[in-house]
Amino acid sequence: MSLSVLMPVFALMTSLLASVVLFALPEKGYRLRTTINLVAAVVKIALVAVMIWGIARGREYEAAFTMLPGVEFVLRADALSMLFAGLSALLWLLTTIYAVGYLEDSPNRSRFFGFFSLCVASTMGIALAGNLFTFFLFYEMLTLSTYPLVVHRGTRKALRAGRNYIIYTLTGGAVLLLAIAWLHGLVGDLRFQEGGHFAGVDPSLQAPLTIIFVLLMTGLGVKAALVPLHGWLPQAMVAPAPVSALLHAVAVVKAGAFGIIRVVFEVYGLEAAEAMGLLAGLALVAAFTIIYGSTRALYQIDLKRRLAFSTISQVSYIVLGLCLFGPLGVMGGLVHLVHQGIMKITLFFCAGNYAETLGVHRIDELDGAGKRMPGTSVAFTLGAFGMIGAPPLAGFITKWTMGAGALEVGMDWVVAVLVVSSLLNAAYFLPILHRLWFAEQQQAWPHERRWGRLETSPWLLWPPLVTAVLLVLAGILANVPFSPLSWAELIVLREVAL
Amino acid sequence: MTIHLLYAFAGVALCGIGLFGFIRLDHLLRKLMAFNLMGSGVFLVMVGLAQRGGQPDPVPQALVLTGIVVAVAATALAVVLIRRYYHLSGQITLAEPGREPVKKPAADAHREGPTE
Amino acid sequence: MIFASAPFVLLSVMLPLVSVLLALRADWQQIYRYCLPVLPLPALLMGLLAEPDWWLELPGLMIGGLWGVDDLRRAFLLLTATLWLIGGVFAIGYLKDHKLRRFCVFWALTLAGNLGLVIALDVASFYSFFALMTFAGYGLVVHEGTDEANRAGRVYLAMAVVGEMAILSGLLMAAQLAGSGLLADLPAAIADADRRWLIMLLLLAGFGVKAGLPLLHFWLPLAHPVAPTPASAVLSGAMIKAGLLGWLVTLPFGEVSLPDWGNGLVLLGAVGSLGGAALGLCQQRPKAVLAYSSISQMGLITLMVGAALANAEAAAPLFAVMALYVLHHGLAKGSLFLSTGMALPASRGGQWLMWLLIALPGLSLAGLPFTSGAASKLAMKELLKPDRFDFAMAAYLSVLMSAGAVATMLLVWRFLWVQRAGASTGSNPSFLWLGWGLATAASVVLFWLLPWHADVPQKAWLSAMVQDAWSLFWPILVATLLAAVALRLVKQR
Amino acid sequence: MRALSVVTMTAVCLAFAGLLGLAVWHIAGSPAPVNLPGLLAENLDASGVEHPITAVLLNFRSYDTLLEIGVLVIAGIAGISMAKTTSLEDPDLRTSDSLLYALQRWFVPLMLVLAGYLLWAGSDRPGGAFQAGAVLAASGVMMRLGGIPMDFLRPGVLLRLGLALGFTVFLLVAVASALAGEAFLAYPAGFAKPLILVIETVLTFSIAMVLLALFVSAPVNRAQEPEEGEHE
Amino acid sequence: MTLWLMAGLLFTPLAWAVLTLLVDFRMGRAVTWLGILVQVLVSLGLWAAVASDGGFYYLLGGWQAPLGIELRVDGLAVTFVLLTALVAAACGWHASVYLDPGKSWHRYFWPLFWFLWAGLNVVWLGGDLFNLYVGLELISLAAVGLVALGGQAAALRAAIRYLMAALLGSLAYLLGVALIYGQFGTLSLADVTALLSDGTVAAGQTFPLVLMLFGLALKTALFPMHGWLPPAHGIAKSPVSALLSALVVKASFYIAARLWLDLGGHLGGYELAQLIGVLGGLAVIWGSWLAFRQTKLKQVVAYSSVAQIGYLFLLFPLTWGVTDAISLQAQQGITLQVISHALAKAAMFLAAGNLIMSVGSNRVDALAGVSRFLPFSLFSFGLAGVSLMGLPPTGGFAAKWLLLQASLASGQWWWLGVLLAGGLLSAAYVFRVYQASFIDNTDTDHFFHPPKSLEVIPLILALLSLGLGLVAEPVLSVMALPFEGSSR
């Protein structure tokens, strides 16, 4: 067992073990639970950091064993997995901190944090999966571990949302399974491989491969919330804020998007997928999703619902980026995986803060909140501007790179989509900002809690501030080594032989 | 075609009759009887078919003996169950109880067997 | 030199940005108020001291950053820094304690954006600062929190965002073609582009929103008046010029002659200068009149832009003149806006003096001889002689300029009229006096103290003004006569 | 509707019988490829008993028989689990009819003898443990119905021991043979006959016991097990 | 060594059945623990022996087939023996805590339990058609006895219904055996197969096979003959339900599968295979749907068994007329399904029993608040549910994967729909239970908290089912072990 085998296993195990321990903890063990949570999160970040360092220097990490006849379980860390793993490891720490504060006095904390860790373990597994089979394994595990989080509150609404969530995701999972099994039957156990497998594939396989691709995208599209498979996402916002943050930024939608990346890059291969004419359709779906999500977001009154529709729109940027079939476009898509995560988590943290501190859920109740909670509101503002794509924030980098990528390959209409979407983003975010900062408070806060001198509990305040700083840094320092953009560039250089 | 085959065909007929009774009759004891009838048919087929060559074959006879014991055990168990069921519910069929289950006084039930 | 320039380049942007930290605590807001004039100081110093090779490379920044100044930017930088400094001084006296902290933050952010876009040499930083200025400017527009302000803010924001998107698309396409992130590489790339028309249209429209191009100007007369007076001054004096700067650094000036575009722009400029004046005459409030005057003035500048676009050779000298004009107009307009916030002294003599000082920048705008306006107008006239151009609209340029001068003067009269109608007497805080005084002084004096650009026609200014005094003066006279007639008509009614 | 169902069922049963008959007819058309009776005859000497059926039952296929007794014991257990009998005798049936009593005094010993004979006969002609046990049980039934006092047979350990005795002995023999190095149920050479005899004897007793217990266990106890989750 | 192990394997359950019959409940419990230990060790030993040395035939009484009875001890059989040992051990352990010693009739649980175990071993190892019949009867009667144990009218009705179905099934099977014997003159399955394979008997009759399969399918509760199962499994005590669902129905299926794999190629046909497959598919859909509609917790689980059993019958179409590789894949898939369902369903029933004990009601909607106060019990239930849904990394998933592969490879794509829809439908009923338990309508913990040992048992089973998917490869490799040479 060399270290290169053990590293991915360790990275997976940190949260898996944490989850097991957390389940076993008594409800009252507040300090111990928090300690375990934080230690595990920090250890995971350290492990991922080491792997990132190693991969940048050309090392490889892989662990595999045979699970079923002809099917391997593969954990493998490459540049692409690190993009996702790094994001989730980092945000796990922040979300954990946030969740500790958010759930301070609520029941079922053992259960919550147990599943929470399980969820992150699944995410890590998805990131590190070395073939479709392993990917699917963790993909479904993620579905299951998030369900208890979605229905955590146990209200009728939460249960309904949970039911919808599970219907959508499990159906998607079934379709995905069908596709994976079919693919496996057709060509055997395929590891993810740089450049994909199907360059110059036998023409007789084209037709089934095309159908499989559609099935794969359908299955993954449910989690990635591609229209018309997005129905669960807005409903799932009834979950507690840290869960929404997790769903939208770290785990679920990202898992879908990441899966699409894997399939397009490392199973089919960008070139082969393009040659089979698969990307054009996907691009159209993604573009439609972007516009549709933004448009729907305009009409939402509930803050978290608006954010949810915004997610639908934003995640499709990632998909759209891939379809641009050029180094820059792909880079834009990849980097948005990270950027969207940081931005959206900031927004959800803030939305959670408003709800938890002021009892505010609706946008029209936010008047004057900037004065009451300046820190949160600054973070929210930065997040919102990031989403709009205002420079120099993270979102701008994405849009710029993707726009350049689109032009590079002559898909100019994508620029139009980006522009329209940005306009819509501005249309639904800027009014919120106006209310935050410039409107006078109209009525007493629905349900205010006070924390002495601070605007809210420090557990709740710091995570959004940190992510806000991150999203600024991700934009400003985009060209620095190990920034998301640079890492995406590394991936593109290594993986996409264009 | 020997005489033994006739036994086999008699068994076939018994099987058919038994099956009809088994699926058609609701009364549990009658059902049980039908089952026994069918069982006899099966045993006849077994022995009759094996003896078609003329000389007796002791193996199926031994099997049938075992089969009979098993059938007896099963029948006895069924009767015990049916009786107890009758005592508790007053029913002699497997139909789900209606709104007012016919429940005979326990003392009576204790006395009378499930004789319809 | 990098070591000498780096602190200036960085500080000029970072100081305003970092100053936002002063907002962390409520009881620091008084300190913040007094810091406002300090914020543009490094930029001002840089504008004064800059050498051509003052630039700073920031490879890690976004997609590669490069900040620095050239001649054109230096003029803009000077104007911007000066105006913001004066505005800051004025703001110290103008602001009340209520919502002070918020105002300071947005002031500083807008300032950072405005300065940053001037010194940004790469596309991403330029666009970033431009956006920063746009969005932070919203905070200044809606500061008062009235319904009117909110409405104006909404229009401002909507149009600004659309403009931003147009700019983004244009820049994106241009940068993609150029294969470079440097602004300096864009014009050549655009000139050779297959879809030159689209890129130019996007950029023209995008920056045109800021510059108050006709049909893209709607936000301007709404937003400028409702903002607090010091903010109006910088909005109209400095920020509006950012749009112009955008044009100047991105469009393919000097690369290729585009007579059609020249025609179009001249037409737009004409409509802007005359139409803006016409609308301005109907306004009842002094700040609204001034806002339309800004549109009108930008229209005049657009004439030059059009001419520069139409004739590649003329671009370089025109740039210098535009820089002059920008400086002149910015300072004058700033001073005028600030004067709307002043109360008249009680004494009659003082009032007369005051009115004179108020009117002076206005007259300068109209091109009164021996003012900065006269100098810029002369330089402009010199360059826009029809025989130097061969595009269709070139023949009308001088007529248009004269008509513009008349219109400007009319507007100045209109401004003085409505200002007088609404003027109150009373005492002003000393910082108001200081700010306004500085503004007026800068408008009258500063222009003459500046080092001159090599491309400006070498002329002895004084003698030139004497020679051309009549040509400068008759529009003022005509306008005054018209104004007098109008006054009479109104009084008779 | 009812008629229709009857018709359908009749059709099903006729079809079943028809198919069965057809199968039997086809099968009867050709001889079996394996001559098992012949094989049996060759090995009969090694079995320890003369009668082939008993040989099959208690030697060649003794495992079947062991399990068959197991089935019977199960039925017995299930039977007594239903009942709460204080005695094999039902006090309500006790009679004072002297004629019946006298008759039974003759019959019961006779039946015991008959049972013993059947047991013995099993080794070389039709008969054996089950037949003997059945007769034995019948005598018990008669005693009970006839009202002869049977207090000596109380359920409890004794009854259960009785139920299990035959099976136990059979099992012990089986495992003893395995422990002796042979396969499970392989009688040591030469011991086949006496072992079979012992087994048959105890089996007779146990079979009778089971059948009797099943007959007796009809009385209902009041014990009622509630369904899980239903309140008692 | 293996001979000793075999003797132990055959002897222990029967001996313990007798032992426990003679003592009372508490004593029986202690005795049972010892027996479980012995039996588990013996099963493990045998499994290890076969895993290392390959399978063999065990001659009972020293007589070779066709005269005597031979036991076929191959990889698959010992795997099932081991599975039985594990599940039965868990159920027995659970019952020893769960059952109330105060009720006099509970003492009879132990002998019936041991007889059931013995019967199961008979079936796994059996190679003789009639011996299998006796084994089946042993199982059926013990199972009926367990269902009826001390029960009220409803339990008795279920037991009688069960008994009737079992008897009819056995009889159909026996009739088939009679015909087979009539035709071939032997009862050894291996002999019959050999006779068919080497062409000695050219035209075998299909009808006996159909009869046997019908009987076995009835005992396995294949749709539409499943009516007896839910009442019986639903109303029995939870440890009993667990045994019945996990193991008992598998016994008859196991025989059917062995018959089909040995004889189906000669006596079966495409239509027969498809018909059985279709019935299996319908069972999946219909059973899941009914499970979804039930209001009682254990009925949900019981109907889930109907559905899960449906999957097993996909073996028939997927092994008929296909290449050996595909057939092997299907067999492996079904084997995994049997094992994982056994583990998961046992876990589920035991967990359901714990839950019912805790909330004091057997209704699904009484579970509100369980997630908060009894997360542990629910967790086992949930884990088992995951396996039933066929989600990775459970054994259920591994099974589904292999079946999908087999369906795709054999071109019988229509089973894909069954496999996928079945998974989703099972998710529907499992999540219905979760959902009910997640309702948070009480702040006070009014639940009874079962002893930890009760809660640990289903968890272990569920974890085994979960882990099966991860170690499927080694497990399958033991199943596929060939006989050591030609030992007979």
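Letters A, B, C, D and E mark the chains in the order given here, with residues in each chain numbered from 1 onward.
Here is the rule we go by: contacts are C-beta pairs under 8 Å (C-beta built on N, C-alpha and C of every residue); 3 or more make two chains touch, one makes a residue touch a chain.
Quick caveat: nothing in here was measured; it's all calculated off a predicted structure.
Engineer: Touching both subunit B and subunit E: give me those chains, sorted by label.
Structural biologist: D
Engineer: Just tell me the minimum hop count from subunit C to subunit E, counting one hop per pair of touching chains.
Structural biologist: 2
Engineer: With subunit E gone and every other chain left where it is, what groups do the chains form?
Structural biologist: A, C | B, D
Engineer: Counting C-beta pairs in contact, which comes out ahead: D-E or B-D?
Structural biologist: Of B-D and D-E, it is D-E that has more C-beta pairs in contact.
Engineer: Measuring between Cα centroids, which chain is at the maximum distance from subunit E?
Structural biologist: Ranked by distance of C-alpha centres from subunit E, the top chain is C.
Engineer: Using only alpha carbons, which chain's centroid is the nearest to the whole structure's centroid?
Structural biologist: Chain nearest the overall C-alpha centroid, as shown: A.
Engineer: From subunit D, which chain is the farthest off, judged by mean CA positions?
Structural biologist: C
Engineer: Indicate the whole-number Å distance between the mean C-alpha point of subunit D and the mean C-alpha point of subunit E.
Structural biologist: Whole-Å distance between the two chain centres: 29.
Engineer: For subunit A and subunit C, let me know how many angstrom lie between their CA-based centres, rounded off.
Structural biologist: 44
Engineer: Centre to centre, by mean C-alpha position, how many angstrom separate subunit C and subunit D?
Structural biologist: 114
Engineer: Rounded to a whole Å, what is the gap between the Cα centroids of subunit A and subunit D?
Structural biologist: 70
Engineer: For subunit B, which residues are shared contacts with two or more other chains?
Structural biologist: Within subunit B, the residues that touch at least two other chains are 8, 15, 45, 49-50, 52, 59, 63, 66, 70, 73-74, 77, 81, 84, 88.
Engineer: At which residue positions does subunit E touch at least two other chains?
Structural biologist: 130, 134, 137, 141, 144-145, 148, 152, 175, 179, 181-182, 185
Engineer: Going by the touch definition at the top, which pairs of chains touch each other?
Structural biologist: Once each pair is checked, the touching ones are A-C, A-E, B-D, B-E, D-E.
Engineer: Can you list the residues on subunit B that touch subunit D in the complex?
Structural biologist: Residue positions touching the partner: 1, 5, 8-9, 12-13, 15-17, 19-20, 23-24, 45, 49-50, 52-53, 55-59, 61-63, 65-66, 68-70, 72-74, 76-77, 79-81, 83-84, 87-88, 106, 109-110, 113.
Engineer: Under the stated contact criterion, what part of subunit D meets subunit B in this complex?
Structural biologist: Within the complex, subunit D touches subunit B at residues 6, 9-10, 12-14, 16-17, 20-21, 24, 27-28, 31-32, 36-37, 40, 52-53, 55-57, 61, 64-65, 68-69, 71-72, 74-75, 78-79, 82, 128, 130, 207, 210-211, 214-215, 217-220, 224.
Engineer: Per the contact definition, I'd like the list of subunit A residues that touch subunit C in the complex.
Structural biologist: Interface residues on the subunit A side: 385, 388-392, 396-397, 399-401, 403-404, 407-408, 415-416, 419, 422-423, 426-427, 430, 434, 437-440, 475-480, 483.
Engineer: Enumerate the contact residues on subunit E facing subunit B in the complex.
Structural biologist: 130, 133-134, 137, 140-141, 144-145, 148, 152-153, 156-157, 159-161, 163-164, 167-168, 171, 174-175, 177-179, 181-182, 185, 187
Engineer: Report the residues of subunit E in contact with subunit D in the complex, numbered from low to high.
Structural biologist: 3-4, 6-7, 10-11, 14-15, 17-18, 21-22, 58-63, 66-69, 103-105, 108, 111-112, 115, 118-119, 122, 130-131, 134-135, 137-138, 141-142, 144-145, 148-152, 154-155, 175, 179, 181-186, 191, 195, 200-201, 205, 207-208, 235, 237-238, 296-298, 353, 356-357, 359-363
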